[in-house]
């Protein structure tokens, strides 16, 4: 009977690499690609005081991949004195948004920059309705979100003084891990209102966005942890992205090693079988 | 007496949708006069190309629909994955184990979920005919309600309403990975012999299919979530890719009305390819016509 | 039969108005379509209640009849009630469930690590799936193997450290052949979406309805 390889050896090897090299930090060189630079340039090109709509559409399961780029983007935007309106159509996203805002605000406070909730950033919370909710947000933000995540009427917040819809929004930035996500924002908001858009997605979703980047509907996008690491490199603020890329780089090589060994075993088996047949 | 009164009252439930429609129409009429309307064109000119494409598609659709009504057979090529579904159900019956059907993880507004539920109705009919059982775990409660009705109706249509088990249609959790772990648990505890994944999937696709692979079940997947196709192809025995998935319900039903929509989309694709080729030639030969071409296409 | 015709008529009514809204700027059509969108939002919000009721109905029945794995059902229902209860308590006492609330604490220290753990399983499953699937059995499989290897090495900084050409090659594979294939699939899938949508709007495909 043919003995099949127990895949738990593979799991053990991957686990060991991740655990060991998380404790052994090392520096890598980054060469951010055109898509990451597109996101960076889009944020850099906005004049101070502009409003960014941050659509946070991911949950706790994708935090490992998307939270690093989320924090890097929020840090970059607030440091450039941009104002952020954050909303979600995923029910588990608002606590993650709050956490990112609080963490970045604390970091900026240490750098001597004070950012206030309601004036510089706001978390509108969750809106049920998926694609329909996105379409309604596009037509009127205060009508769709009469109150923010903390229960305050949005019309009373300073950040909403002149904001009605996407005509007043300088940039739409979507962070998503599935559906509804970047594609739905492109369909419902970007094409209808012709608003500038960038996105941050998980690595698995990144290939879907190449065609939108080539057609210039997206000015840039960040794909997975490598996108987060490249963005941190551009804003010169190492964070979770760059820390995670060390381990991810080695894991890629490990999996490639498994694939090569698997192919060697496969071809050796085939050669042996052919030899036996000839004999 | 009570049941007669209930019967009489139940007839009035059809007025509720009528009230809904009247309300939806009357409310905009009452507030329309209060708002100023800007001087805008009635028709969105920038969507003219979409309207033309939709009219062409509908023309193909109705042409093949009328052709099918005249009894002319419509040819579609064979797709191995669809035949494998019936074999998988047969295998489940032989081994006395259930079939697991996952209608995707998205909500009812996603067209892939609707396509998955259409396939579920045919699979449930096959399961009922073979006297097997089917488990349908769902991630959304509305999807669970629709799946309940679908499976119940399929068992009734197959002449086995007594075999329908409502507890087999389960709402697990709205959380993506809680749902994934729940389905994995069903695979490992109830050991279905056939796993059928039809609908929209995201990051959990590999977790589901690898767990199913390790349990030894025959696996058939179908999705238009392009980023998940490689994972299904790697771990499943058969995979329906994008349009094959949308065509699957037409195949299984063999209903000429449904098959005609597949033919329409195939012919529309030919038109699209011709337009693409024309555009490539135009960009190189007559670049000054490109703007007009872009407006129409 | 009314119970088949009425849902189909509602589907046609809603489908037609949403399509008309896309093409025409007529206040009446926009008004009706906006009204329908509002109804849709309400229905989606009510679905959460439906889900909770279903969880309680099915799991409490298993517990009462002492069917297989009934203790786990108690854990499930208890967890759901605790999470909902803590959230409601925070809403009543502090008015929100944002940073600093007990709900946020449960979310961050229980739900988030559990979700991230399950997501992390992907790393292990990908390695076993790659080991099994990436075999150069024929030319197409060999092409898949080579392109996947180049993208895997080229997309990480370690690959850029080995050679500057690798990231450019990986980018080219993603931007040209991958995108070309994706575009073909997207166009095909879009046709399928239109065909399925028209079938549902016109009532040709109605698996959830009784009768013909």
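All chains are identified by letter, namely A, B and C, in their written order; residue positions are counted from 1 within each chain.
Just so we're on the same page, a residue touches a chain if its C-beta (ideal position, glycine included) is under 8 Å from a C-beta of that chain, and two chains touch if they have at least 3 such contacts.
The structure presented is a predicted model; accordingly, all values stated were derived computationally and were not measured.
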| item | value |
| --- | --- |
| Identifier of the chain whose CA centre is least distant from the whole-structure CA centre | C |
| Pair of chains joined by more contacts [C-beta pairs], A-C or A-B | A-C |
| For subunit A paired with subunit C, centre-to-centre distance based on mean C-alpha positions, whole Å | 17 |
| Separation of mean Cα positions, subunit B and subunit A [Å, integer] | 29 |
| Shared interface positions of subunit B, touching two or more other chains | 107, 109, 174-177, 203, 226 |
| Residues of subunit C touching at least two other chains | 34, 40, 44, 48, 111, 115, 118-119, 126, 128, 130, 132, 182, 186 |
| For subunit A, residues that touch 2 or more chains besides their own | 59, 61-62, 92, 130, 132, 207-208 |
| Residue numbers on subunit B that touch subunit C, as the complex places them | 14, 17, 20-21, 23-25, 27-29, 31-32, 35, 37, 40-44, 47, 50-51, 54, 57-58, 61, 107, 109, 111, 114-115, 117-118, 120-121, 140-142, 144-146, 149-150, 153-154, 156, 167, 170-171, 174-178, 180-181, 189, 203, 206-207, 210, 224, 226, 231, 233-235, 241-243, 245-247, 249, 255, 257-258, 261-262, 264-266, 268-269, 272 |
| In the complex with subunit B, residue positions of subunit A that touch it | 59, 61-62, 91-92, 130-132, 177-179, 202, 204-205, 207-208 |
| Residue ranges of subunit B touching subunit A (in the complex, touch as defined) | 106-107, 109-110, 174-177, 200, 202-203, 226-228 |
| Interfacial residue positions of subunit A with respect to subunit C in the complex | 5, 7, 10-11, 13-15, 18, 28-31, 33-34, 59-64, 92, 94-95, 98-99, 102, 123, 127-130, 132-133, 135-136, 139, 149-151, 207-208, 210-211, 214, 226, 229, 245, 248-256, 258-259, 262-263, 266-267 |
| Complex contact set, residues of subunit C against subunit A | 34, 37, 40-41, 44-45, 48, 95-99, 103-104, 107-108, 111-112, 115-116, 118-120, 123-124, 126-128, 130-132, 134-137, 145, 149, 152-153, 155-161, 164, 167, 171, 174-175, 178-179, 182-183, 186 |
